[in-house]
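When the chains are written out, they are named A, B, C and D in that same order, and each has its own residue count from 1.
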Amino acid sequence: MIDKRVQTLADALDGVADGCRIMVHGFGVAGVPEALLNALLERGTTGLTIIANGAGRADSAMQKLFAAGRIAKLIASSGRGRSVEPSPFEAGWKAGRVEFEIVPQGIFVERMRCAGAGLGGFYSPVGVGTKLAAGKEVRAIAGRDYVLEMPLTADVALLHAERGDRWGNLSYRYAERNFGPAMATAAALVVAEVDKIVELGDIAPMDAHTPGVFVDRLVEVT
Amino acid sequence: MIDKRVQTLADALDGVADGCRIMVHGFGVAGVPEALLNALLERGTTGLTIIANGAGRADSAMQKLFAAGRIAKLIASSGRGRSVEPSPFEAGWKAGRVEFEIVPQGIFVERMRCAGAGLGGFYSPVGVGTKLAAGKEVRAIAGRDYVLEMPLTADVALLHAERGDRWGNLSYRYAERNFGPAMATAAALVVAEVDKIVELGDIAPMDAHTPGVFVDRLVEVT
Amino acid sequence: MSKGLTRRQMAWRAAQDLADGVYVNLGIGLPQDVSNHVPADREVIFQSENGILGVGPAALPGKEDPGLVDAGGQRVTLIRGAAIFDSADSFAMMRGGHLDFTILGAFQVSAVGDLANWDALEEFRAPIVGGAMDLVFGAKEVRVLMEHNTKKGEPRIVERCLYPLTAAKVVRRVYTNLAVLDITPQGMLAREIAAGLSFSDLQARTGARLTLANDCRPLVAPEL
Amino acid sequence: MSKGLTRRQMAWRAAQDLADGVYVNLGIGLPQDVSNHVPADREVIFQSENGILGVGPAALPGKEDPGLVDAGGQRVTLIRGAAIFDSADSFAMMRGGHLDFTILGAFQVSAVGDLANWDALEEFRAPIVGGAMDLVFGAKEVRVLMEHNTKKGEPRIVERCLYPLTAAKVVRRVYTNLAVLDITPQGMLAREIAAGLSFSDLQARTGARLTLANDCRPLVAPEL
């Protein structure tokens, strides 16, 4: 019997080690696995590379991880939130304690999909001629310039979904979906926190936005 | 007011010209726009390139198009059905009247997605060292060989969906979805036949598998 | 000297150019207000890059849904006919040329349509590229909506951008509080100028050389 | 001479090696029958490349759903926990290494695991590559299920494939009516041989050199 449910957040993070590359789901506040991030903070894991759309809102668990010095590098499309004050991430980056690789958001997600889909790379028109394409191979195809983008992988992906079942099927609420499906395909270990664990069959086949094959563990959070 | 509905199959195919490249949705019998294909046959359009997963079942409208000599080229992953006798496509191909470009199914759909997603090409591990990769650029990435695959576009895509609305949102029934979403992104003109045209709002936001922005015309068929 | 339009009026002005049936992505900040000013007889569909086509008005207090935020973090609603998808599909839609317009904010726009809107090189703050770079390489037409000058009075329309570029030669039209400007092969054309402002006043507040359109009209908007 | 297992028994044998919890794609034809022989105490999830994870048994007559066919064109059902997706996502799942096994039919398999299963070079028929080439480059392990010999008695296991390759060096295990064979760095190893057949009988019906496994066992299956 396939049963990917675990009982505690600590169990969900079992094996997540110092120096891991961790994808973190969410866009703004929607879809952020806040409970897993708080558990990661509690766990004490350090030297992390975080791959997420942004550095997190003020008072978010992610910013607490930055404040606690646990994150060595951020790969993201956004380095700041709407707060007036610089965030712990910004302070760390400006002080040289945190590395920051900024990636256009669509390339960020497409590189994860590329990895999860078993492809070796793709040619993208985005950023040609800008600082963010510096050092990348440029190639003219059918009269337009493209840069070669490479797959983006991780050791772990931390996701949030509204519902999950014991096979790991995940159903996201509206725009909480965002980066979840791509991240679920691109990490070696995929861990989801869900608002509710439901019976097998309760998620309709069309609503399993992330099919269970991609998910390794899920934990219910309240 | 956005209204992509048309009244007749003939209106749906307005402007589809001799020599067009046409993507045809469907896998086996599921999702095939059979009414549009029959209308295409009636229309008399010829010299077509058909981009579809297969050449069509015996007695399908697509095989009738082959039998009528309307199709100059087929790009597909399969050249035969389960019939014991060779099909009109096979007869035409063997006689040199029809060109056949065979493409592995996953590359077939990924090349359409690539076109629809504005990318210039991608590196794929599929087919390396086989006849189907002959002539393609090969590149070693992280110790594995990949071939460069290019976008696949069309003038027209013909789709089938269970439900559609006046904005062009399409909802597919179960596995009728198959190539529909990718084809809808990759063709200049996207035409859908639907079992039922419903009121705007009747397709739930999570069930609009092809958002209306990709669709140009839809027609109800019975 | 005339300050021209208010920020709401600027958003109103940009909204008037959106024809019935167009698909539009709005940048974070001022551009988001454009959706509130589309004439009632037009269906204009707004995309939000976090995975919504058919973003509706802000949610009423107490009616917010945790799953419905837009790219700017606002609690929003969906209109009838909306569709939801993941980020990979959302950016495929944008980059693949399926949206008619993107209307973005900017730090600077150059005379040839270079856009700088992701890194203001601030001493204590980090940059945000978000989806802007994908959008400007993908949308059929790129428009900018911004104040004509910085708070310090410096021009945002310049001969050459000082900040890192989002993209070169992509902006086609700029809406400011003082003017509507088109970037054309013949240079930057003043199409509309705020009431009370002469062309030379406008030129004086602009860091790039402008050309006066033959049919230049006053830039006007209703009280809002 | 022994004909070994029936076709149903061959499918049964391949099914016994599928552990609880594995994800499997079955090729068209004989491999599709594998799903009918998984031991009842195991959950094995079958993927169909047209966009189903969790394919169930064939639909009962009169209960067919037009939207539920598998890649072989059979009218199927869904099991509880099934998921539906489009072809791009389906092949991303396959090519990205997310499935544990693919079990395919073949025209020929070589001693080093080369697979030929898409073009039999027939005079009047066209080839089908379908999803086979994607699968063999994507699944974690590739297994073949086929008759040991052609109808004319020619070996399908050969030193070198005569037909165009689907992929080189990808097959790890072959199930036939006569044997279970593993392709190993030390060559092709006979793991199980059909009752009534000696190793030399098997070798005589095989076009590639075999090695007898130390622990070679009889290939047996229940009456089915």
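A few notes on this one:
One rule holds in what follows: a contact is a pair of C-beta atoms (placed from the backbone, for glycine too) under 8 Å apart; a residue touches a chain by one contact, two chains touch by 3 or more.
Just so it is clear, the model here is predicted, and its values are computed rather than measured.
Considering every other chain in turn, the ones in contact with both subunit A and subunit C prove to be B.
Seen from the Cα centre of subunit D, the chain whose own Cα centre is farthest off is C. Here the spacing of subunit B and subunit C, counted between their Cα centres, is 36 Å. Separating the centre of subunit C from that of subunit D, both taken as means of CA atoms, is a distance of 56 Å. Distance between subunit A and subunit B, defined via averaged C-alpha coordinates, is recorded as 33 Å. Contacts with at least two other chains are made by residues 52, 78, 84-85, 91-92, 94-95, 137-138 of subunit C.
Residue positions of subunit B with contacts to 2 or more other chains are 110, 113, 117-119, 124-125, 174, 205-206.
According to the touch criterion at the top of this document, the contacting chain pairs are A-B, A-C, A-D, B-C, B-D. Contact residues on subunit A toward subunit B in their complex (touch as defined above): 110, 114, 117-125, 139, 141-142, 144, 146, 150, 174, 205-207.
Against subunit D, in their complex, subunit B makes its touches with residues 27-30, 54-55, 77-80, 82, 86-87, 89-91, 93-94, 100, 102-107, 109-110, 112-113, 124-132, 162, 172-182, 209. Across the complex, subunit C meets subunit B through its residues 20-21, 23, 43, 45, 47, 52-54, 78, 80-85, 91-99, 137-138.
Partner subunit A is touched in their complex by these residues of subunit C: 48-52, 65-71, 73, 78, 84-88, 90-92, 94-95, 119, 123-134, 137-138, 164-168.
Interface residues of subunit A, counted against subunit D in their complex, comprise 1-2, 113, 115-119, 165, 167, 169, 185, 200-201, 203, 205-206, 208, 211-214.
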